[in-house]
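Chain lettering (A, B, C, D and E) follows the sequence in which the chains are written, and residue indices restart at 1 in each chain.
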Amino acid sequence: MDLSMLWYLVPSVVMLACGVYGFVTRKNLIAILISLELILNSADLNFVVFNRYLFPDMMEGMVFTLFSIAIAAAETAVAIAIIINVYRAVGATDINIVNKMKH
Amino acid sequence: MGITLPILILAIPVAMFLILGIGGVFMSRKTAGVLGILGMGTTMTLAYIVAFTYFFSGSPEFIVEGVRQQVQLFDVTWLAFTQKLVVNIGFILDPISAMMLVVITTISFMVHLYSWGYMEHEPGFQRYYAFLSLFSFSMLGLVVATNIFQMYIFWELVGVSSYLLIGFFYKLPSAVSASKKAFIVTRFADLGFLIGILVLSYYSESFNFITLTHNPESVLMSTGGATFMGCSALTWAMVLIFVGGMGKSAMMPLHIWLPDAMEGPTPVSALIHAATMVVAGVYLVARMFPLYCVVDASLTFVTCVGAITAFYAAVVACTQLDIKRVLAFSTISQIAFMMVSLGVAYDRPIEGIHYTGLGYMAGMFHLFTHAMFKALLFLGAGALIHAVHSNNYTKMGGLRKYMPITHLTFLIGCLAIAGIWPFSGFFSKDEMLAAMFANHWFWGAWMTMVAGLTAFYMFRLYYLIFWWDENPEYAEHRPHDAPWQMSVPLIFLAAVSCVAGFIPFGELVTWNGEPYHIHIEGAVAATSLTVAVLAIALATVMYRKKNEWPARVKNMWPGLWTAAYHRFYWDEIYMFITHKIIFGGICRSIAWFDRHVIDGAMNGMAWITQKTSFAIRGMQSGQIQAYVLWYFLGALLLAAVTWLALI
Amino acid sequence: MDSVGNIIVYFIVALAIVVFSVLAVKSKRILRSATYLLFVLLATAVAYFQLGYQFLGAVQVAVYAGGIMVLFVFSILLTHKPDDKSGTIESHRRVLGIVASAAGAVLLLFALFYMPLPHDTSLAEALAGGPQITMHDIGEAFVGSNRFQYLLPFEAISVLLLACIIGGVVVARKR
Amino acid sequence: MFTNILIWFVVIPVIMMIGLGLCRNSGMKAIRAVMVVGSTALLALAIWLCVQFLQLRAAGVDDEMLFTGSWLWYAPLNIHLAVGVDGISVLMLMLSAIIVFAGTFASWKITPLPKNFFLWFCLLSTGVFGFFISIDMFTMFMFYEVALIPMYLLIGVWGTGRKEYSAMKLTLMLMGGSAFLMLGLLGIYWHSAPEGGQCTWNILEISHNASIDASWQYMLFCFTFVGFGVLGAMFPFHTWSPDGHACAPTAVSMLHAGVLMKLGGYGCFRIAIFLLPQAANELAWIFIILTGISIVYGAFSACVQTDLKYINAYSSVSHCGMVLFAILMLNTTAMTGAILQMLSHGLMTALFFALIGMIYGRTHTRDIRQMGGLMKIMPYLGVCYMIAGFASLGLPGLSGFVAEMTIFFGSFQNADLFHRVFVICATASIVITAVYILRVVGKLLLGPVQDKHHLELTDATWWERFSTVTLIVCIAGIGCFPNWINETIQHSFVPIINAIQAAV
Amino acid sequence: MDYSQFGAMIPELIVLGIFLVVFFADLIAGDKSRKCFLTPLTTVLFALGTVAIWVIPASGETVFGGMYVNDSATNAIKAILNIGVFIVFLQSAKWVESDEVAIRKGEFYELLLVTLFGMYLMVSARHFLLFIIGLESASLPLAAMVAFNKNHYESHEAAVKYIMTAVFSSAILLVGLSFVYAFSGGSLYFQDLAVTIQTGSMSGLLIVALAFVIAGLGFKLSLVPFHLWTADVYQGAPTAITSYLSVISKGSAAFAFFIIFTQCFGSVYSDAWEWMLYAVIIATITVGNLFAIRQKNMKRFMAFSSISQAGYIMLGAMAADTLGLASMIFYIFVYIVSNLGAFAVISTIENQTGRLSMDDYNGLHKTNPWLSFAMTLAMFSLAGIPPFAGFFSKILIFTSVTGTGSMALYMLVLIALINTIISLYYYLLVVKAIWISPEAPKVESFRSDCGSRIALWICVAGIVFFGLVPYIYQYCVSSVEASAGFLSMFGV
């Protein structure tokens, strides 16, 4: 049995799907951020897998993933700062609080 | 002949119009009146000079080998539609236009003079003279037109002058509506005229009368056998052009405006609605006569329309109460007479009918005499109205004692129109009847009957005004004869009516310029005289003294009388068509359609946009998760659709 | 033909990723969610190791599992009382979530299965296809300015991180 | 650049705008001075241009366009500021100058914000003049839109009645038309290159060089004709016109009905027909039907309106329909008639709207049922109104007659039944016109005075007289001496007719 | 290693330099009272920097192995963005001095400059890694800036919405890029992708990848359906940030979009992304317009207006040639002055009176004629009415789109044109409120601050002259054409 590329891609897709599901259904802002991490992670995994299987003699994908992790960290940091800010302002991190502006 | 005179003939009236129209407000009544009369007098003099030169100078310019020529004194380009279709403004001189110059300027001058007295106390005196000048200009331009388009131009101008003059007393709603009616009805007829010109000029590629009438056969050829609904294009053209004439000359069924037009000042009625403008239709047919001859169906149409109108108008005239209306219907009837006369004047032998040209000459002759005596009658009526301040003969009666001059002149007019020898009407009517009998006995007999009716209703009118029963109100307001400004024209016209019959008209005016020797047809003359005398006798019996006969006759055929009194309900029919069908039906529904359907569609589009905007506002729900759902599904959908569509 | 060990490791990793991903988005307690995320991230790191990118795996563990998770836990503790629950909301949205994620998964899987790329290489072949990436290579790549060297992104991301620090401070500061 | 006389038609209004910008808001005298000087300068310029043009033509200069000039503007897209005039444009410039001149006097006492009013008014004039001098489609379109948009504010701020609705409707509909137009112009531009050459916006170059293939011509013709047709109030896109005119202030109605609607007709032949002759030959029938409907429909609608301005607006629909109708007949005479009709309708309708504005300014109503006998109270205005009415119903001696007759005789040259039927329908409109004109005259001016308060009203002031006399003189001038105009126009149509015939 | 290559990045270095000066000045200055020099310092420095970027010619070099390019086209868009940022600085001068914000004004300038730096990278990047970093630098600090108004609840909500959507979209973009990577032959340099992505690589995966990349960039451009954050964020953010978001961020993203799609995916233009973009543009213009009709809050109104404007900007990408890019740059420039003109008025009125509703503008001309005048011009320009610049930008972009001659693109332009009517409607609503509405004015007469006035004057001058004077457009075209090797990379 060969572990071909798709074997690795399938979990990645599942991760993505879970991330989307989580984003759409979770009620808490931090939980949503957690879901987002799943999607980012899925993208990273894709890069790595493609790099390994398709272009094994190069390392663009890996480097991209490295930077991507850093970017994810930065995103998370800013997002968490904002969430905390909201928590300070309204005392909750519930998604249903931040829907006042609409239409 | 140079071009100075003809240009002056046209220029003086138009200059008068502009001077009086623009400067009128700064002038006194007297200045304006004098200016107007002087202007018209000058024009009349010039027109006489031109006409006399034409008829009697014998210059080779005008008469070649005894044949009178058609001469264009000048003809300048006014507007060039295409290379060939060029509209000119010019001055044609031929027997009929010369005759018309005389008629128009004479009557116009008389009316100018008469109005000075008649309109003395009316506001807008200056304006009135301006309009009279405008009318004179237009009518002169019409008769001297060298081409059909010029004629159409002035045709419209006389229409508008008529509109302005009928509506002169513009504060009276009846005058306003009468003027509107006159304009619109004639305008409708002019539509026919215009389409006729369109058709004719398209095929003949010319507007010019001389080109058209000198070789009518080639015009017929140029249509190349084009037909529409079974009639040749030329027939259509000529009939449509005649429709224009029907409008102006108040032929059935376009006659309804003329009786109402009597709302205008009486001198105006005398000038426009008796002597000049209303005979424009006759003049038109005479002008285009050779073309009518090549399509004789159109000439038959003219005859039939004329015959029906003549009888109808005569019958209606017998029942009217308003003296001006009686005269109006009488005018319609007399013009119809001329139409019939032209209609029967075939110029080429078909199926045994000989060419005579008599009808043409007689029609023109009657046009001339009728202009004189009808103007006389109207001016006389004006004097009466001036005296008793009413149009209605029930307010009159027994006036012969109070207004001798008016009485006498009016009587001359009545005798003339009734066709009693030696008055002018006798001669012209006799020639016309002769022409009709020559064509077909039916036309002759029919029109003789109309002539009898004419004599009857005219003398009915005469007796009711001057005899019958004296109105008791005269005790308070004693009627008297008109001032000299009004009497002079009456006397002059009466004199003309007495002697005009002896003019050797056939020597002067014929269809082809060759002289025609008038001779009285004894049988016809005797018949018509007899009929006329009998009719006068009947009128005398019935109306000379107040008696029961009129009422009895009325009760004998009450339905007929009422119908005739209501002019056989033509106005009501028109009212129904215009108000109910065109206004109420077409216009209102179109206006509704515009507001609700077209406009509604535009507003509907705006409404739909607004509604869509509201309908999709749920998309912007304020929930981040919904946003992301849209985002993600949008991306997926984009991919999926593209995938399915492209691969 | 890949070694059985690799296959077993793969299955463990895959199972861990799938199960913990699902748990991370279904768990009612937020702290547990975060923990499950940690497991997912660790499993991913294992996959990186397995795919031959040891350095990357290390970074994944250090930055993600270490740094970011700490941030998460910290912020969760800051904003939640210990017994707080973070359940799913509104069932219609759950359905929509399933639909969206399923649609996405199906589309992506289809796309991946039908991709016009060679996907029958085995892991062993792939690992053998290129040289082992050493720390030295990576170091070279990060400070070089030639093709396939990443000095500029490296500098640029430092600015980004600085900006994020400033941003984070501005936002989180009380005034 | 400024040595070209035509440029000054745009420059002068711009200078006027700058001058107005320097005036104080309340400095009515300064504002009037700027406007009078400027509009007089424009009128003088137009007359001078006309004289020059005729002299050159008389001297045998036979180019399609005279006074041409072309200055590269947007080089990458080959957009030029290209100007040039033929006889038609000269006359149109003349018309515009006259109406701007008259409009200035007609809005002598405009309130509120006179400065802003005249600023927008000048912008509108800039657009109009610019449109007529341009021979580059891009600049033409630009000026076209420049002329459209000030309408919104002019109607919205200074209008009466349902002004907000009307202004919005007018603006949106006209802009909708220009959307189609834009697309058509783009298509022409991109197909204007002969065999790999450079594309051009220049009308003359396109007409000489381009051979757009038929299928594109059909599409582009429809777009451009509809685009211009909306402004020309073609059925069913006319509905902006009644509301818009009814609510606009006097001078704006004058300029809009008098000049702006002419832009539509002018564009139709200058672009749609001239550049797409094959499609014009093939597809004219569609628009003949629509414009034929316009003529009759507008006239019938006018018959039952009670608001003076609505009557004239519908009358404009009818008359402008006549313009487009004649253009579609594709022969010299009819198209000449169309131009004459543009001039005539421009002057006449400007006169109408000026008078209506003056009457409204006194009686404060435009409902003819509430007025009557005004001839007695304000004879000057009454007489002018009657003259305008007579011009409208085609009285010989006034301009309307000349125009309509030329149209009818030209249109009748098309011998097939289809054309004939529509020509006769169009001809019938002159009767309907008479009906509604006389109805208004009868109710408004004649008859007894309806409202006793009206007895105290005054007649026209000197500036009102000045404004109206200017227009009446022009109307009568065209009506009495039409032939030089006629010849000028006919000569200018030669290239267009050649293009049409070449494409048959 | 060749550090001299950094020397090619003059615009970036300038912005970074200013950033560092401001950063350290802010650090050194310490407490609030001494920070009053910060605004003039930044503004002046930035003005100088802007001039420098305009003046210093682009090297045209490709450095870092093809990762970064500074050619005349990128230089042009950078210079244009700089002008926009300068105007934003001017119009926000009063706001940053307000009590609430003053203590954070150093951060305001720093973050703004960093985001601008990020945008420069987006524009100049010729490698996806650098591009992503640029993109994140341009969006993450913005989230912090959206949250700047600490006392306003809306500001927080907007920040949450913005950051959540931003992270999601960058995640989707990364997923998309990972799929692109699969086709890339191992290299994410644009010039390599142009070669490796060929018609033969058309497949579901590539389409998904393209869709995800469009979605990721569509977030920044707020293309429909990736736009939903826009209105809420624009409404909630401080007005200065809103104006910044609506023009600068959008402009840079549009340029980057163009570069990426024409260079990397040029060969699959008509196979795939032409039609995706087609649909997205139609949706964007239409939905943006339909939402804008109902808006009463001016900032929200401008948000939807800017959505629909983004659709027009993207028409340039549909054209996908030099003319298209030039027209797009020109459109962006014109859009910057027009939109910032409107925002200058909005922010002035908000700063002076706190009023933001369209109803508050009723009868404005009676009290503030100049502001009314400027607002009217801005609205006309946005609606595309001559002789204002917006007309030219619209027409030029339409012209470039139809240049390819396909009937479908004509139809696209027709739809866009019809949409301009709807847009005209709502722009005129503002004009109507100002000039026509008969109500008594709600905004009292005031004298606006110096910065806003200058900003407004610049915008008005731009609105009036950018179209009439053809040099701007010619500058765009010549910049694009002068970009060495740029044309040859178009696979379209």
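Keep this in mind: a contact is a pair of C-beta atoms (placed from the backbone, for glycine too) under 8 Å apart; a residue touches a chain by one contact, two chains touch by 3 or more.
As the structure is a computational prediction, the values presented were derived from the model and not from experiment.
Asker: From chain B, what is the lowest number of touch steps before chain C is reached?
Answerer: Between chain B and chain C, the shortest chain-hopping route counts 1.
Asker: Considering only chains that satisfy the touch condition with chain A, which of them also satisfy it with chain E?
Answerer: Under the touch definition, chain A and chain E have B, C as mutual neighbours.
Asker: Count the C-beta pairs in contact for every pair of chains, then give the pair with the highest total.
Answerer: A-C
Asker: Please indicate the chain closest to the centre of the assembly, with centres calculated from CA atoms only.
Answerer: D
Asker: Compute the centre of every chain as the mean of its C-alpha atoms, then state which one is farthest from the centre of chain B.
Answerer: In terms of C-alpha centroids, the chain at the greatest distance from chain B is C.
Asker: Go ahead and note the Å separation of the Cα centroids belonging to chain C and chain D.
Answerer: Chain centres of chain C and chain D, defined by C-alpha means, are spaced 70 Å apart.
Asker: Using the average of all C-alpha atoms in each chain as its centre, how far is it in Å between chain D and chain E?
Answerer: The separation of the two C-alpha centroids amounts to 42 Å.
Asker: Between chain B and chain E, what distance separates the C-alpha centroids? Give it in angstrom.
Answerer: That gives a centre separation of 77 Å.
Asker: Roughly how many whole angstrom separate the Cα centroids of chain A and chain B?
Answerer: Centres of chain A and chain B (C-alpha means) sit 96 Å apart.
Asker: Residues touching two or more other chains, restricted to chain A: which are they?
Answerer: 16, 19-20, 23-25, 32-33, 44, 54-55, 57-58, 60, 63, 67, 71, 74, 78, 81-83, 85, 95, 98-103
Asker: Two or more other chains touching the same residue: where does that happen in chain C?
Answerer: In chain C, 93, 96-97, 100, 104, 107-108, 111-112, 117, 148, 150, 153, 157, 160, 164, 167-169, 171 touch at least two other chains.
Asker: Enumerate the residues of chain E that touch no fewer than two other chains.
Answerer: 129, 133, 136, 140-141, 143-144, 147, 150, 159-161, 164, 168, 172, 179, 182, 187, 203-204, 207-208, 231-232, 294, 425
Asker: Please give all chain pairs that are in touch with each other.
Answerer: A-B, A-C, A-E, B-C, B-D, B-E, C-E, D-E
Asker: Of all residues in chain C, which touch chain B in the complex?
Answerer: 93, 96-97, 100, 103-104, 107, 111
Asker: Across the complex, what residues on chain E touch chain B?
Answerer: On the chain E side, the touching residues are 160-161, 164-165, 168-169, 172, 202-204, 207-208, 210-212, 214-215, 219, 224-226, 228-229, 231-232, 271-272, 275-276, 279-280, 287, 290-291, 293-294, 422, 425.
Asker: Which bits of chain B are touching chain A when the two form their complex?
Answerer: Going by the criterion above, the answer is residues 617, 620-625, 628-629, 632.
Asker: Given the complex with chain E, which residues does chain A contribute to the contact?
Answerer: Residue list for chain A touching chain E: 16, 19, 23, 29, 32-33, 36, 39-40, 42-44, 46-47, 50-51, 54-55, 57-58, 60-61, 63-64, 67-68, 71, 74-75, 78-79, 81-83, 85-86, 89-90, 98-103.
Asker: Quick one: in the complex, what on chain A touches chain B?
Answerer: For chain A paired with chain B, touching residues are 20, 23-25, 32, 95, 98-103.
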